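Below you'll find a set of structures to go through.
In the two complexes that follow, chain A is the common piece, with chain B as its partner first and chain C second.
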Partner chain A sequence: MKFERYGIGIIKGLSVTIRHLLRHPTVVQYPEQRLNISRRTRGNELIWNQEKCTGCATCAKSCPLGAIEITTSTNPVENKYAVEKYQIDTGYCIQCGLCVEACPYAALYFSYNFECAKYRRWELVQDKEKMRETPERKVSGYFYPERATKLPRQTLLIERITEKD
Partner chain B sequence: MMALETNINNLVRLQAVPPDWPGGFWGHWVFFTVVIIGFVLTMVMGVIYIERRGMGRMQSRLGPNRTGPFGLLQPVADAIKVLLKENIVPTAADKLVHWLAPVVAFAPALMIFAVIPFQNGAMLADLNIGILYVVAISSVSTVGVFMAGWGSSNKYSLLGAMRNVAAVVSYEIPLVLAIVGVVLIAGSLSLNQIVLAQDIPFILLQPLGFFLFFAAGCAEINRSPFDLMEADSEIVAGFHTEYSGMKFAMFYLVEYAEAIAISAIITTLFLSGWRGPLLPPWLWFIIKVLLVFFAMVWTRTTLPRIRIDQLMAFSWKFLLPLAVINLLVTALEVLASPAGLPWVVVIINLAIMAILILLWSKFFFKLGWGRIEV
Partner chain C sequence: MALKTEPFVLNLGPVHPSTHGVFRMRATLDGEVVVDIEPIFGYLHRGVEKLAEQRTYTGIIPLTDRLDYISAMNNNFAYCLAVEKLAGIKVPERAEYIRVIMAELQRIAAFLIAVGAFLNDCGAYFTPFLYMFREREKIVDLFEMVSGQRLTYNYMRVGGVSQDLPEEFLPALRKFVDEMPRFIDEYDRLLMQNEILLARAKGVGILTKEQAINASASGPVLRASGVKWDIRKADPYSIYDRFEFDIPTGTVGDCYDRYRVRVEEMRQSLRIIKQAMAQIPSGPVRAEVPHLIRPPVGEAYARIESPKGELGFYLVSDNSIAPYRCHIRPPSLINLTALREMVRGWKVADLIIIFGSIDITVGEIDR
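Now for the complex of A and B:
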């Protein structure tokens, strides 16, 4: 016999709510507290290394959205391509990582930068200068195991959420 | 002039003002009126804070924590915001009724506190029919709510007000029957006498009565899960759809003042009111009121809103029969031991309550639950 319809459901419900009352709330109060972002994430922004790039445009071909735009000119003196324009519309980017994986010279990486919201749509279009590696835009370990092993180990759990007033 | 003075003297004698009270009758009156208004307004703020924070934590949120230390000033900020808002009256509204409704709804909520003892004998009027007065006054708010619903000339307002009237009419009966059980044991209608009679808190002697009074009280003041009159997923905001600014604030105040009033009555009737060890009596009273209110927040967070047919069914098929049985059992017990109920009765009553609630929950389902046809 199942012990149902004796008003037990109400007691169960009450116990659930009181248990929620007694534990930490699962809310992150954003400006004061942040979630831990993995340093090995496949995410957010691309970092481009001008020294390693040969202008082969494999990344642009692999991009399913056609978000990467690359223009090159020939440099007959050094017998190589010079990258004149390299820009990506991050508004189109779906962070599939195909360009990073396709790059034969390991010149393209993801960054684990967390806050890359913009106020204007044209700010989403990033050119050569904006795609450099800077202290704010650190290189993620995605697709580069030797990089990933060097990065410090980390937990993604919210270790402790305390209320700040 | 002479007649007026005799009347006042009669009043003083009836309401048992302490003879050494400074200022006599009017000093007593002014003091307690100010105390009651201050008590209700500050408690409303505290209670709103408790409700929002408690509900937030129960839903894994934080609740308001930005305004002031721990968000304590949130009710103040809300009050200021709502007072500064524009007052909009619909063109088709019955202006006078629309304007009067919040006042009519608020006055009874405040008047209930006249007979609630904060300490031994510390109350505005020690009526010898105190609890009868409470029962009579508390349903007057419904008139205000119905005036709001009618005067707004809005279908949602009217629907909400009609639901409120239906709920109050049906839940008044189990409410009063639950009170009668307490009155039988205490042997008095005066709330102060009822508190003095509680050597054993009546929640132990009347556990079923407490449960019935709590459920019926929640329905009476339209708190969730019985908040059908302002069911926002069905009828916008119910009777106060067309209210804004100060008048809306009045309705908001009424809602919580009534919740505090019901908590205070439950405290007085079942939790031995101001009695308690160590702490001063008024503090015990406030602590108990807040505890009862917390139980209301707890049920509000847990239980989903019921349908209108379930509301009626819960009153007539569940609470009313149990209230009658509870009254019968209590009467038999009082008849068996007129000198005062022994501790054994506590165990008997708890067992009766457990068995009745379990069995009647099953039976309630057999009775057709909320469906109209049985």
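Now for the complex of A and C:
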């Protein structure tokens, strides 16, 4: 290290930080400002369609953690399986999405919600009633591209910050 | 007249900001000089290899996300290659290109964290780290777009990838690739010639060529020592033989070289992404694979060049739905074995820098 160039590197570095002072902020103030999340978001809940489900339990078999519990009984009159119990312990769920991909009848979806914190452990268990699609429990477009197109476009940082310097 | 002193044992970690996770080093010091060091790990052991023996071949992919959690795509990639080799599955052309784009994006993201954390250890406290996190955020946005999550992507599947790219992905990626070189130049301006960094990192923690090869180090640690070894060139997997890129190497093998090699590799990764974007064909993204894969009896080892080095998966099949044995060769663990040779004779403050320059992820070491 030569003595005469002592400090030049530091001044160069400081010029970068000073230029950053004039840039747009990258962060958003989260609870007040919200960005659109991905259309394929794997939310904290699963949504289940009772009409489409045949009780084949492919989802339960494909779950790597065994978080899905399903009990079926035969219905000889209508010649089909009746789903008696269908529940997911979202406390165990790692949101890998293998159950949604495995479902052959398109009866299981991810929700678009991500703020699903609960006060009690047992509130995390989703039963049949808590898995219905409702206006506040929206369906995500994960693995269903036709549903994804209906969701708002994801905000990207690369498009949000347009700077020329 | 030398004063006779007793060696002092200092425990660094397991909860220490500069050990990058729950990792412990027992350093024996003579005054401030490191005499010996013993890495102690296992605080994050989850038994991934044993868990893998009870799961289906598809169900292991989420587990591999959690090995080296800052480069989850590469772990998926290596594991899927191993299963495809074992079961003889052909991957569609478009899926191969998507995989390469994802792996290279992930490499840039991982190097941004590695370089940022290294500069953090050097004392450039959080300013460069947060600049680099801004660029990583752009990559993570792209990953969120294709896979739906930001850290544990679980995107690649045996025989392809889980879903096709959304139509807004490629324009956003093009914009990122165009912008990114400017930011890498900015990192260069920020600290590459900084006198304090040069004084602290140049000539510190030298790992010679012979030592690096003897320790079977791989990745940037090996390349910084001057060995031109990259599995993407030496043993091309997937479609890496179609792309043109250089292997940046260091000369001395000190901390500064390791830092520079990582920055240079980001540029090379961008080159690969540019070529892949130009060549990407249309078509299916997933081969026809049965829901429960039962590979024939046998064994397979597949390795890739992950951001940390050579990541290998060794699978033994007994024709059931779960592997008989799954062994993981984590690059961080092997690179860590060279730490003792690097730090001997340096001071405690240098120990932190040398350790930071290896760039480990504890999730991968303990598995």
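What we mean here is this: the second predicted complex is superposed on the first by the 141 of 165 C-alpha atoms of A that agree within 3 Å, B and C clash if a C-alpha of one lies under 4 Å from a C-alpha of the other, contacts with A are read in each partner's own complex, and residues count from 1 in each chain.
What we mean here is this: a contact is a pair of C-beta atoms (placed from the backbone, for glycine too) under 8 Å apart; a residue touches a chain by one contact, two chains touch by 3 or more.
Values in this document were obtained by computation on a predicted structure and should not be read as measured data.
Of the two partner chains, chain C is the only one that A:Ile94 touches; chain B does not reach it.
By the touch criterion defined above, A:Cys56 lies against neither chain B nor chain C after alignment on the C-alpha atoms of chain A. Legend: residue contacts after superposition of the two complexes on their common chain; A:Thr26 is shown touching both chain B and chain C.
Of the two partner chains, neither chain B nor chain C is touched by A:Leu124. Once the two complexes are laid over each other on the shared chain, residue contacts for A:Gly7 go to chain B and to chain C alike. Looking at the shared chain after the overlay, A:Val139 reaches neither chain B nor chain C. Of the two partner chains placed by superposition, A:Leu151 touches none, neither chain B nor chain C. In the superposition on chain A, A:Ile18 makes contact with chain B only, while chain C stays out of contact range. Chain A has more of its residues touched by C than by the other of chain B and chain C. Put simply, chain A uses residues 6-7, 10, 13, 16-17, 20, 26 to touch chain B in one complex and chain C in the other.
Taken in their complex, chain C has these residues touching chain A: 55-56, 58-63, 127, 131, 134, 137-138, 141-142, 144-149, 152, 154, 162-164, 166, 168, 172, 175-176, 179, 186, 189-199, 291.
On chain A, the positions that touch chain C within their shared complex are 1, 6-10, 12-13, 15-17, 20, 26, 37-42, 58, 62-64, 94-98, 101-102, 110, 140, 142-143, 145, 148, 153-154, 156-159.
Looking at the complex, you find that chain B touches chain A at residues 54, 56-62, 65-66, 69-71, 298-299, 301-303, 357-359, 361-362, 365. Chain A contributes residues 5-7, 10, 13-14, 16-18, 20-21, 25-27, 29, 163, 165 to its touches with chain B in the complex.
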